[in-house]
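The same chain A turns up in both complexes below, where it pairs with chain B and then with chain C.
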Partner chain A sequence: MKTIFKSLLAITVVSLVLSSCGNEGSSKKGALSSSAAEKVYVAPGEHDEFYAFVSGGFSGQLAVYGLPSGRLFKVIPVFSVDAEKAYGFNEETKPMLNTSHGFIPWDDSHHPDISQTNGELDGRYVFINGNNTPRIAKIDLTTFETTEIIEVPNSAGNHSSSFVTENTEYVVAGTRFSIPYPQKDMPINEYKGNFKGALTFISVNPEDGRMDIKFQLMMPGFNYDLSHPGRGDSHGWFFFSTYNTEEANSLLEVNASQNDKDFIAAINWKKIEEYVNNGGGTKAPANYAHNVYDEHTHTATSTMKKEVLIVNPSEVPGAIYFMPTPKSPHGCDVDPSGEYIVGSGKLAAELTIHSFSKMIKAIEEEKFDGEAYGIPILQYEATLAGAVKQPGLGPLHTEFDGQGNAYTTFFISSEVVKWKLGTWEVIDRKPTYYSVGHLMIPGGNSRKPFGKYVLAMNKITKDRYLPTGPEVTQSAQLYDITGEKMELLLDFPVIGEPHYAAGIPADLIKVNSKKIFRLEENKHEYVTKTEAEAKVVRNGNQVHIYMTMIRSHFAPDNIEGIQVGDEVFFHVTNLEQDYDVPHGIAMIGAQTSELLIMPGQTETFKWFPKQVGVWPFYCTDFCSALHQEMQGYVRVSPKGSNVPITFTLDGDAVDAE
Partner chain B sequence: MKKSKILMIIGSLLLLGLFVFPLWNITLEAPQYPTPLGMDIHINKFTDTHEFDIKNINLMNHYVGMQYIPETIPEFKIFPLVIGFMVILGVVIGLIGKHKLFLFWFVLMSLLGMAGLYDFYLWEYDYGHNLDPKAIMNFKNPDGSVMGFQPPLFGTKDILNFKAHSYPRLGAYFMFLGMLLTVVAFFIGKTEAKTK
Partner chain C sequence: MKKNNLIFSLLTVVAIFITSCSGGEKKQEVTGAHTEVVSEGLGQSAVEDNVSAANALQVAKSLDDFKTLVVAIEAAGVEDALVNVGPLTVFAPVNSAFDKLPEGTVATLLLPESKAQLAFILTNHVAPANYPIKQLKKEAKKGRKLYMASGKYLVVENKEDGIYVDGTKILKTVKVSNGWIHVIDNVLVPVE
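Right, the complex of A and B next:
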């Protein structure tokens, strides 16, 4: 009894001490938070120092924020339709969402990565993967618009994507699910040994950025989780984390967690590229969409490709090795020097760091520990550079500050941990609110990180913001990492699920940002470059309206001769050539979105008039002082009516052609 | 060659700068135009300060019923001829070397310049006052007369939400310097004539 009393007393004393520490901590926090406010304050009219491209996860889009302020500038539609911008609604962008499964209005966007030259961010493009219906998209950073989407065949759950090599030679797309190759009707429980995991290397044309599948590597039927490129000495290699090396096909949470170690696959893509360039690989039938948006026609086209080059690992000996890594590794992150590959075993008690130079030595000395489907497994100890002991629970993703420090997120223990490369000692840890997934340091996946901030992206916020019913926002948190200890500066809500991010100094991009599209360069099939060229043309039951918009009217704005049952195309050109003067248009009863048309651009929506009458349309973007006057009428007559097609502006009638 | 002759020739040749550089500039500032709209006036053309500025000035001005800035005006044919003639005349006079002719050239040039300025004023007045009766917005002066939108001939003036600046540009400075040199040439020539 006495001992119980004593220990109770001891606990009370300890907790008192702890709580007083806590009080001290919070009073310190008060002092800090005032300086934190200054650090994230970007005065009105000033610009942020960094762009952060944060994926929207299940929103399918890519959001553009400024750092350090956390202000949202734009949501770039990528894989999901966006009624605001008519993406996937207007006739021009519908082909962007075409796939071998037809038009898909949604996807799960995951890992944005910025193009690189010589291992440094060059700010030309952002690539991002669609997870569900496997695709890779390219966003042009002069227009901040999605300009290309390529479907990835023989893949399912395009997750270990879309990371670029040091000179953007390739953007890489690895499959999460292994599936039968070629696809066929077979029992699911015959997975083991029969399913394959495709790792796809998509070449990026250095001139125009055009993507093309160079080859697909048909790997064993594991799950490929994440990947990162080698750099420096390890340039030419790519590293993929794997889980489910058990090759389970059901209840994976248990059955894929049985092996003590899974693998990080090291792929010498240069060697495979050489093999392919010399005629290696097998051309196999395939069916996948390649969608390209042309900035001059303002129109996307979708082409179905019918062939893909397949490479089996056994064809290129010495190009692929497995490095054992504990417990279902998620992140496999390469430090700025290219020497260290950090494996984050989701269920492991430590972080495993492989050494690239030791890996090369182990390969030379053939320090193998068996093989898997003909691929040599390197001895665990032979590639091991070190381990961060007891770093936290549920390690997920590591980025680097370029000063010899690494920052790893821990999902289960909700924290960011700073540790030192080489000594593997933990330097600092800070909580996140809550359940952090990936993190981002601008340039943190390159040779040259800009180690000023780390952005942690949280899946759960619970009580952190004003409640909004059962569904509450997810969040990002900004930490200052310029000191020895990290300092939480800002906590801001985000769109969708902030799955992953890429950041870059604003100066590398903002000077290239386009202000308008040049009307004289508009090559849209239905462009109208002057009001005098505006017209309405009937072709059977199709009616094409060639319309212009400029402050503050449409031309024409009175149209007659439309009939119930017609298919009416509004091809609308914005004649403005001034920065930030878009116009919108919406037609009553049109079963589509508005159009939001930038200066010099042409867009098209379709309207199927169903009722006789006189129906209005109007400008949807508050464009000018007389925006409210920017409107017009369409007269709809019964089918077969003899009302002729006429179109006028201010009573100036011109007969139809 | 005598110093005065050289100065006279250089002075009149400097007018050639008008064929390269703009004579005048009108710039319009407003809060929603962080990059102001501007128009350069050459002796033979109007040009944008930034691409599409003239188009955008026209768009702004149509709200108050102002005419579009024309693609070209008759003056653009006359001005280059006059300037070309004055350059040749100045060089010839310089070669002749009679200092009284230098002064004659300067006076002639000044008269022509004033005529040009008056012409510019007339155009500006018309531009600022010849308003479309169906103008979207009509503004009245406190005395009840119709408000004009004439930009200043020289200087800065507030016109509704815009601040309009009207100032000479590099071409004009070439001309002023050239004319100044011809006056200097006159006085030096005068001294040279005395000392002979």
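Right, the complex of A and C next:
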């Protein structure tokens, strides 16, 4: 009843407002912009409709925004150390950044993709690739934390990654740079015919999401740029764009632009999977890191793996074909039906659309136009579904709205172009500010896009915001795509470089978001579950401090008996079991970051005291009304001093009654 | 109460819109109305959370012993403070404690015009601090008084049969997510 009453009241309000102002009209120019403002306005306390996971590019991170508001909620550290969350600084997460090259504290994060079931977004994980030191990471969408990173061996410039198949059977990682396989000392100019490009299929365990390299396909030494999975009828296939089929090794801007057409490689991964499952492929020595973060021990482990299964294309006839595609294609995008594969030749005057059904027919009829390294090249006309003529300059990436329309970005002409699948006619074009790279429609890489908004990510902003010296912000722009014409709604700054993004309706994720970690489920090796169990233990020059934190004190908070030259471990457990009550801890002179510890969690940092004295530590997160009182002291004595180890709270033992 | 507020605001909006369109000079009022509608929101006590341990208000509401106390908390409008991150130590009088007050006191305190006085009395039951029994014993031993949210100090004593605050015995203690509830059988009326 009350609801009805309220609705009636609301309707009355609206009609009164409308009628009271109706005669004046609204011819003012401001009317349009105010409607854009209303469309992106999310009132205080209200939630956004979509999550957008926007890659941080060379920041190595993944940022979480809300759409349509463009509000930033979290920057998830993935491939780069992050002082805010102690990622890569605390003892628990350091193993996450281990690689065959040692501890690598940075990477270039590029293409997030959300896990799928039956071709639709399921909101369990986001995968993202590290370009530089090839890695694939998995972010758990209950904790919004990076929980697994697997290094990709025999790869260099892990760019055509990390896209998932329809049921997240695989997350796929293709190399941009081809390299000698196996790696060896050889002249660079002997590249042609000798370098290889590895396409890596990483299986994802349906139960726990655990990643494992199933096989690596050793392709010819081209550059593999982007990739997307087939879906629907084309499920079981994966498509990779290539450039530098010239196999140039220098001045690629000229030498890799010689061929009129490069290829989109079509890979029947189901066929190769079957081959591998029947014992096919060759086990080859390798050395790559597999890093896993355990939510119960709150600790990551790094394991070096020593073997990888290699498959050469010639071993599996009929599994790999090349579709000629004009001029160094970048985007390689599959429409929701799985029938169309859109190739965006960076230098091409048109967009090329291949047809999956025509491709299958061409294969059956053996409509080949030669071969490359034993891989059949299909006749261009035989797979061609159509082309979008004169669409713009510098096409990069296409996504789909699920209503029969496609949206392609054009870097050089700085625009998003809407066109129709099947008729290939351009319907609308809107400028971006400026030089757009990728774009994203929530679910745009799935059978079921949520075609309400498109988010365009720009490489250059120049005068669009308040200037901040030579380095200015990068940006994303949100367009409403519910009408025939696109409407620019919002222009917001993002952490750089916003390379690519994945979006999903908020309702698919937010109910699963974890609030706290259960203290009773904490299996950390150095957990302290009550104040009475807090202690300080010396073992040679190593000192382990088992410390607790609760509003608004540490236990213990006075520690004596530490000596210069000790290696001091602070193992700190947050005893809170209340949502959004983290505590932090920082120690003067510690060569790490602070720790930010969630309720029920344990984290560890190391401190090497170098100077005699009494040194403070304190809570870094404004936890409570008495946050500023949350502090303690450590007494550091000279090496060899006879000051005994003691630890107290309020002048008494921590377990004093 | 909140529903009435909402209706009132909406009516205000209507009224202002009507007047605003009758002439160009009422612009300021439109802005004012807009702000009022937007800032309308529920406090922290409205946060839905079935995962965290229960906070002081949730625990009080769940127990029949605190029916009167909860009515008083709501009348005084201090719900949000009791769910705050704190830390808080609440000396919570049971229903019978209120019965001990002079006749008519509770009814008077629950009148809208007594809101400030009621809030003052309630804040005299809350220490912005983390005082488990163990710590209260220490406070008694070390002769430290408890500073209450009312600005007053309470004396804590460690007697043979238990801990006393302001001469009232602590009957029971409940750990809550944002501190502690110590159950007492007297209302701690602040002395001027």
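Here is the rule we go by: the second predicted complex is superposed on the first by the 623 of 657 C-alpha atoms of A that agree within 3 Å, B and C clash if a C-alpha of one lies under 4 Å from a C-alpha of the other, contacts with A are read in each partner's own complex, and residues count from 1 in each chain.
As a working rule, a residue touches a chain if its C-beta (ideal position, glycine included) is under 8 Å from a C-beta of that chain, and two chains touch if they have at least 3 such contacts.
This is a predicted model, so every value here is computed, not measured.
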(message) Output check: A:I550 vs chain B and chain C. Expected answer is one of first, second, both, neither. What do you get?
(response) both
**Report entry** Partner chain in contact with A:C623 - chain B first, chain C second, else both or neither
**Finding:** second
Of the two partners chain B and chain C, more of chain A gets touched by chain C
- Query: First (chain B), second (chain C), both or neither: which does A:V614 touch?
  - Reply: neither
Practice prompt. Based on the superposed arrangement, let me know which partner A:D652 touches: chain B (first), chain C (second), both, or neither?
Written response: second
Key: chain B versus chain C as contact partner of A:A43, first or second or both or neither   = second
After superposition on chain A, the chain A residues reached by both chain B and chain C are 516, 550-551, 576-579, 625-626
Listed in rising order, chain C residues that touch chain A in their complex are 3, 6-7, 10, 13-14, 17-18, 20-21, 38-39, 41-42, 47, 49, 51-53, 55, 84-87, 128-130, 134-135, 137-138, 177-179
Touching chain B in the complex, chain A uses residues 516, 550-551, 576-579, 625-626
Contacts from chain A onto chain C in the complex sit at residues 2, 6, 9-10, 12-13, 16-17, 20-21, 24, 43-45, 515-516, 550-553, 576-579, 581, 599, 623-626, 650, 652, 656-657
Listed in rising order, the residues of chain B that touch chain A in the complex are 35, 51-52, 55-56, 59, 63, 136
